[in-house]
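Following this line, the structures themselves.
Look at the two complexes coming up: chain A is in both, with chain B in one and chain C in the other.
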Partner chain A sequence: MVKWTFGLALAVWLAVLATLKLGIQPPIPASVLMLYMVLVTIAILVFVAADETRFGHFVAPLRAVYEGRVPRPVQVAVLVALPALAGWGTWLRVAPNFDAPFEPRVVHPEPPSTFTFNGRTVDQLTLKNPLREGADAESLARHTAAGKTTYYRNCFFCHGDALGGDGHFALALRPIPANFRDVGTISMLQESYVFWRISTGGPGLPNGATPWHSAMPVWQNYLTEEEIWQVILYIYEGSGSTPRTWDEGTGGHDH
Partner chain B sequence: MIHPSSSPPVTPYALKGVYKGILKVSVMLALTYALISGLASILPAADYRELPLLGNRVAVWIPAQLHLMFAAFVLGVPIFAVITEIIGAVTKERRYDELAREFTKLLAMAYTVTAVLGCMLLALLVLLYPKFVGYMSELFKPTWLLYIVLIFGEVIVAYLYWYGWDTMQGRYKKWHIALGVLVNLWGTALLFVADAWVTFMMSPSGIDEANHLVSLWDAVANHTWMPINIHRLLANVAFGGAIAAAYAAVRFLNASTDEERARFDWMGYVGSFIAIGAFIPLPFAGYWLGREIYQFSEQMGVSMMGGSFAWLWILQASLIGSLFFAANFYLWLGMGRIPGANRYTKFQVLMILVLALGFLTWATPRSIIATGGEMAAMGGSHHPFLGLFGVMAAKNTAVNLMILTTFMSFMMYRRGNRIPVVPWATVGKALQALVVAVAVGIVLFYGVYSYFVPSLVRIGFSVYQVSAVLGAMAVFVAIDIPLLKGAREIGAIQWGKIAPRAQYALFFMAIVFTLLMGLMGYIRSGIRQYWHVYGRVADESAHAYTMSHGSATLIVSGIVLVFLLLIAGVFALTARQKDKRGDAPAQVALAGEDAR
Partner chain C sequence: MNSRVLALVACVLATLAVAPAAVAAPVRSEAVPPTPVAADEAAGKKVYERNCMQCHGAEGAGDGPAAEFVYPKPRDFRLGMYKIRTTLSGQLPTDHDLFKVVSQGIPGTSMPAWERYLSEEERWQAIHYIKRFDMLGLFEEEPPKERIVVGGAPKVTDELVARGKQVYQDAKCWQCHGQLGRGDGPSASGMTDDWDNPIRPVNFTKSWIFRGGSTLEDIYRTFTTGFNGTPMPSFAITVGEEDRWALAAYVKSLARERRTGQVVRAAYRDGPLPGDAWDAAWDEAEPLDVQLAGQIILEPRWFAPAHDAARVQALYNDREIAVMVSWDDGTHDEGQSGPPDQVALQLPLGTPPGTERPYFVLGDRKRPVDYWRWNAANGLQRAVYRGHDRAESREAEGVDARGAYREGQYRVVYRRALDVDPQQGRAFAAGDYVPLAVHLWDGQQGEEGMKMAISGWHYLLLQPPTPLSAWLWPAGVALLVCVGNFALLRRMRRRESGSATEEAAS
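Here is the complex of A and B:
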């Protein structure tokens, strides 16, 4: 086996590339694919170089080419192929395309410690959902039902029938509306955070979250405070998730 | 002259060294004081004074970070030195003592650089941020005095430790080791005091609504104080070890004889061993610190992990991942010079697989950079499949398995040329395999199970994972020590016969450790955002904004470069100093026991 180190390394590299590129649906974004392939390349090189025998067998074919111990055509082929490959890679990177440019963005920017709700200052840190705190099952059900009505009157055009972020308008918007069924949206947020987001919408996002031209409306202009808390109850219930609470929130790398 | 056995081990030579040290520190402090009070009386009074060109923030940042790196080095090296000295005393191997001595020798110059940087930092702080520094020093006045006392104490014990090295051999050895321990206690005390100021700025306590002091102890023992203390202590050891290993690497690559190569090869190994040993518990200390930050202020926690600083953690993950790669690479190449270690080569395939998968998982971002078309295809900025790897559950599992893998590399390295002969060898080895298998099972089980439980339960799981790994490592070593008693040796380790490219892994590790310190330093300080004291005293200067990541990381890289140059200078100058070997009589006394 060791004798074939070079060929094996090449084969593994190509196999990984093929799997990542073709084997995963929806396709992995180019930025992540790039990251993965860089790491895989490093891993293969580290492995190969970490043992004298392996390393010897790995460089043997290269040496054979550069020291001219292979037939002339092979030598020429390699010497042409390597720069050609590099050139092709460069072309791929600089070729014009019509995609919108990358928008590295912070999906969940830190909330301000206070914000204004219809002229009243709300303290984000102590904010709790008054309809959930100490509510009995009956009133919870009533408010959730009311929230459901609010949702289908106001939100589902964008956030979708089944809260999947795929409403009628969804594809026209950049960024697309949040998918409440995704573990990365409301289920990793506190209700106070969600309240802030709904009340202040896209315009309320801090500068830290730019570039960001979110179409999310400023709902404090259209809904009452109670209606917003109700719709929050509903989007959690409807998407089968629970709000995050902070006593557990050591967060770690949840980006 | 004959060494009178009743004379005290502290000789005039040592005392002279100590006086010089005290004098140096006193002069430095006095000069700084004179400079500050001189300039302060000339400059107009203000809340902030603006430094042209660099700007206040960068002007303070650079010496602060450099001072911290040097401080880490001068705190880490004595820990490293004492451990090595103790190993030397226990195993009676001369070369350990030599190694410890060689590094302690660096301390004198490194202290000077640390002190100079510290004085620069102090002067800049006082002159550029007079109002804020005034507030802090009023608040922490008694600790300042303590700090100065501790500095002098540290200088005295450290210099005694160094200058007493040769005179306190033999029957005085245990007292010398005690001195070394004292150096460390003193250094740790210094660190703890300085940490009190820094952590107070992050998570203030002990003050009332009007920011007046209520309890000094509460201000000191604030939320993040202990976690930072522990985190920094461990990091210092790792850092000291890594720098020591890099130094050995330079010497190895420049060596002209086999003897030298053997010596520096071995030294690089010991340095990297200590570095990685201290590095392994570091992530756990980090999680503790993170937890305390969240508990102190959710907002600060969110901006650290999920907000503007989130991308820097991807950088951190890549740096740590590459440390794991480098450590294993070094160990595997090292096994090439251990007769019989090729028995373990076959495991490397599995190990690189775990490391690579772990690294991939760690580097998977939570919010992905994607073009509009890609986003539409994913249905959001979360990829349904990649999303599985972006979350904490996956990352915890990955890092635990990577730690275990690196540990196994060490153990294989250790066993490389030895075959256990104790009667229970088979049972022992089977037990060890079982322990590791169980740990892997637990880590994987909770890793997968995490996806099916709410986050409240999930957080607890990481504790089980960590305990499983730590437990397995402890049991493994506990079995390993008696198992290898009197083991048959296949052949001696051929020190010096390592492929030169292994040395670059040591360099790389030292650079990565330094980068990590700079980056984490920036995050720690940056998450206060526009506050001097978080939530209490606002930064009203023009520099109260959060920089773009590009500019911040450029500054960090610049600092790392300067640090590496400075430390190289310290090494070069120390190597040039002619090595006066204590008092002559000690040399005579030593000659008998010196193996070489």
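Here is the complex of A and C:
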């Protein structure tokens, strides 16, 4: 066992690195990874240095290399590998990067209080889905079914057959089309917000949301108000999510 | 005689041509394994109506609301005719075949891989349910009992690929798929399937759109069993098993990698830029496959574009830049009958502040785009667009575009000086990221005007030569570690010899 102290330490270090790097989704930021690895390195060093015999065992393989008590090829390999590794690590840090520039983007920008729908002014604050408000189960099902048809004739090319944002046009678009199954999209939005985004599309994004590069068409050019509300019913139903609502009963002043 | 009959005749002739040389060995087959999940009509109906009906239709006729907007058309389940099977030509597929297609989807079509969204149980119920649409009830009466063996693939060697190349000639694959596999054979144009829907032979260089999959086994299976209901015949009888594997290996060797990304990196070239699109110098330029979508934003909307990608490469020197766009097209349309094939590069006209960019389809009122359109009939036409309805034609003013069509492929090379008057265009400088978008039209498919394939904004980067410091730092660090190594070595040795003398002294 003592013979392997150095190897074990190295294996633990590599195992932690591999777990942090590959085992966590979405990937953790490089700076956090760096911090963790520094801590792990220190922890391992403290552990081996805490006991003098253990430390002796730890450095034994290194001593063996430098004192020439290992076969010549091994010694040469280590002496070459160390500078090469250090050089390679430095190259990774200083090599010029020609990836696309980072473009910060407001994913759900603050909606305007009013917007124009085919010449009519719509008040965003009081807007409700007229097909959901007080609708019975039969009419809800009928409108949802109509919304499904509209979805598959207009939206699924980009937003996907299963509403996963992975339609057959999706690869051509950046930013990528919204994935309605993702809890970060429609399920954290009110239906009025979704209505605004569909009606005014990419060109309707407010100045505060620049740079907008959304490919979302302006759907009020193609769909009627009712069709848009129907599509909204369908994308919530089809993705198994529910629209966000403000709880009007409990205001902040009541308690 | 319509084109479908022609295609059939071509296939029959092709089959006859190889028949004398063919080994009439029976195709190796095995019993179809049992289906693991029994049918539950109610469960199947639920899955089907929720996930499948939108394309395949309420009655399974392939006529759902989305059907008219996609190419290829969704499957009509009523005739029991399926493309991707492990059973012989004309036969029904096995349950496992259907399950595989539902699970993994069909590449290059709008059929997604349902394994991402449906459980195994749901997928089995879906395939049980679609079998009910078969009008003749054949799935009930005589379900397939035997399937071909797709196993024992040989090791792919140069000899095997060379042999496959010969089979490709002998079996006349080139008649539809073209000599270089670009889907541009003499019979390629105007083909239809058994429903009279247009169908195009697959481009063998794009392995990511092989309908039946792109592994060696997949290609072997497709070639062996054919695609029912399409002009793609089965070669099970006419071509021996070894030759079929060789052909699969050859077809696989034609495939190239798809390189997606955001940045076209123009490589610096010391000396003149190549004037010819087929110049070997273009091999130095890293290619990017710019992905395309149908233009569905402005009227007339175009839902099923002919092209899915355009390959863009760029080179620059101290004076000018050359950008090459290349794409495969089965037909060379120069505009004599119908619209010509076209390509356009779109760049911002000036330099909008920050990360602002013009609207990605033909710019907007505030941010115009410089539009370099080349068509196979009359070459370059330059224009400035401030939105799709505000075009202003411009003189070429230093922009040059030359294109040619050779062996099923277009290559168009645009050239321009790096520096221009800011009123006339966007200047290029090493290290700058210049937004770039590509539009593409296939005249044969009726594409013209706004009926086109479009890309989002990408970037064109004139990649600066790597600075000296980027090399010096790693070299310096490596040297330092080297010095440390030797210092340690010497110290250890000295200590060792020191202790040795001590020992000797005591």
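General observations
Basically, the second predicted complex is superposed on the first by the 158 of 255 C-alpha atoms of A that agree within 3 Å, B and C clash if a C-alpha of one lies under 4 Å from a C-alpha of the other, contacts with A are read in each partner's own complex, and residues count from 1 in each chain.
In this text, a contact is a pair of C-beta atoms (placed from the backbone, for glycine too) under 8 Å apart; a residue touches a chain by one contact, two chains touch by 3 or more.
What you see is a predicted model; the values in this text were computed from it and never measured.
After overlaying the two complexes on the shared chain, residue contacts for A:R174 are found with chain B and with chain C alike. By the touch criterion defined above, A:H108 reaches chain B but does not reach chain C.
Set against each other, chain B and chain C differ in how many residues of chain A they touch, and the higher count belongs to B. Shared-chain residue A:D166: touches chain B and chain C both.
Judged by the touch definition given at the top, the superposed model places A:D99 against both chain B and chain C. In the superposed pair of complexes, A:L125 makes contact with chain B only, with no contact to chain C. According to the touch criterion, the shared surface of chain A, contacted by chain B in one complex and chain C in the other, consists of residues 99-101, 103, 164, 166, 171, 174.
Of all residues in chain C, only 50-51, 54-55, 64-66, 69-70, 109-112, 114, 116-117, 260-263, 265, 291-294, 296-297, 303, 354-357, 359-360, 364, 433, 454-457, 459, 461, 463-464, 466-467, 469-470, 473-482, 485, 488-489, 492-493, 496 touch chain A in the complex they form. By the touch rule above, chain A contacts chain C in their complex via residues 63, 66-68, 79, 82-84, 86-91, 93-96, 98-101, 103, 148-149, 151-154, 156-158, 160-162, 164, 166-169, 171-174, 202-203, 210-211, 213, 215, 217-218, 238.
Those residues of chain A whose C-beta lies close enough to touch chain B in the complex are 24-32, 35-36, 39-40, 42-43, 46-47, 49-52, 55, 99-111, 113, 124-125, 164-166, 171, 174-176, 178-179, 182-185, 188, 190, 208, 242, 244-255. Of all residues in chain B, those touching chain A in their complex are 287, 290-291, 294, 298-299, 301-303, 305-308, 310-311, 313-314, 317, 321-322, 325, 328-329, 332-333, 336, 345, 348-349, 352, 355-356, 359-360, 363-387, 390-392, 395-396, 454-456, 459, 462, 499, 501, 546.
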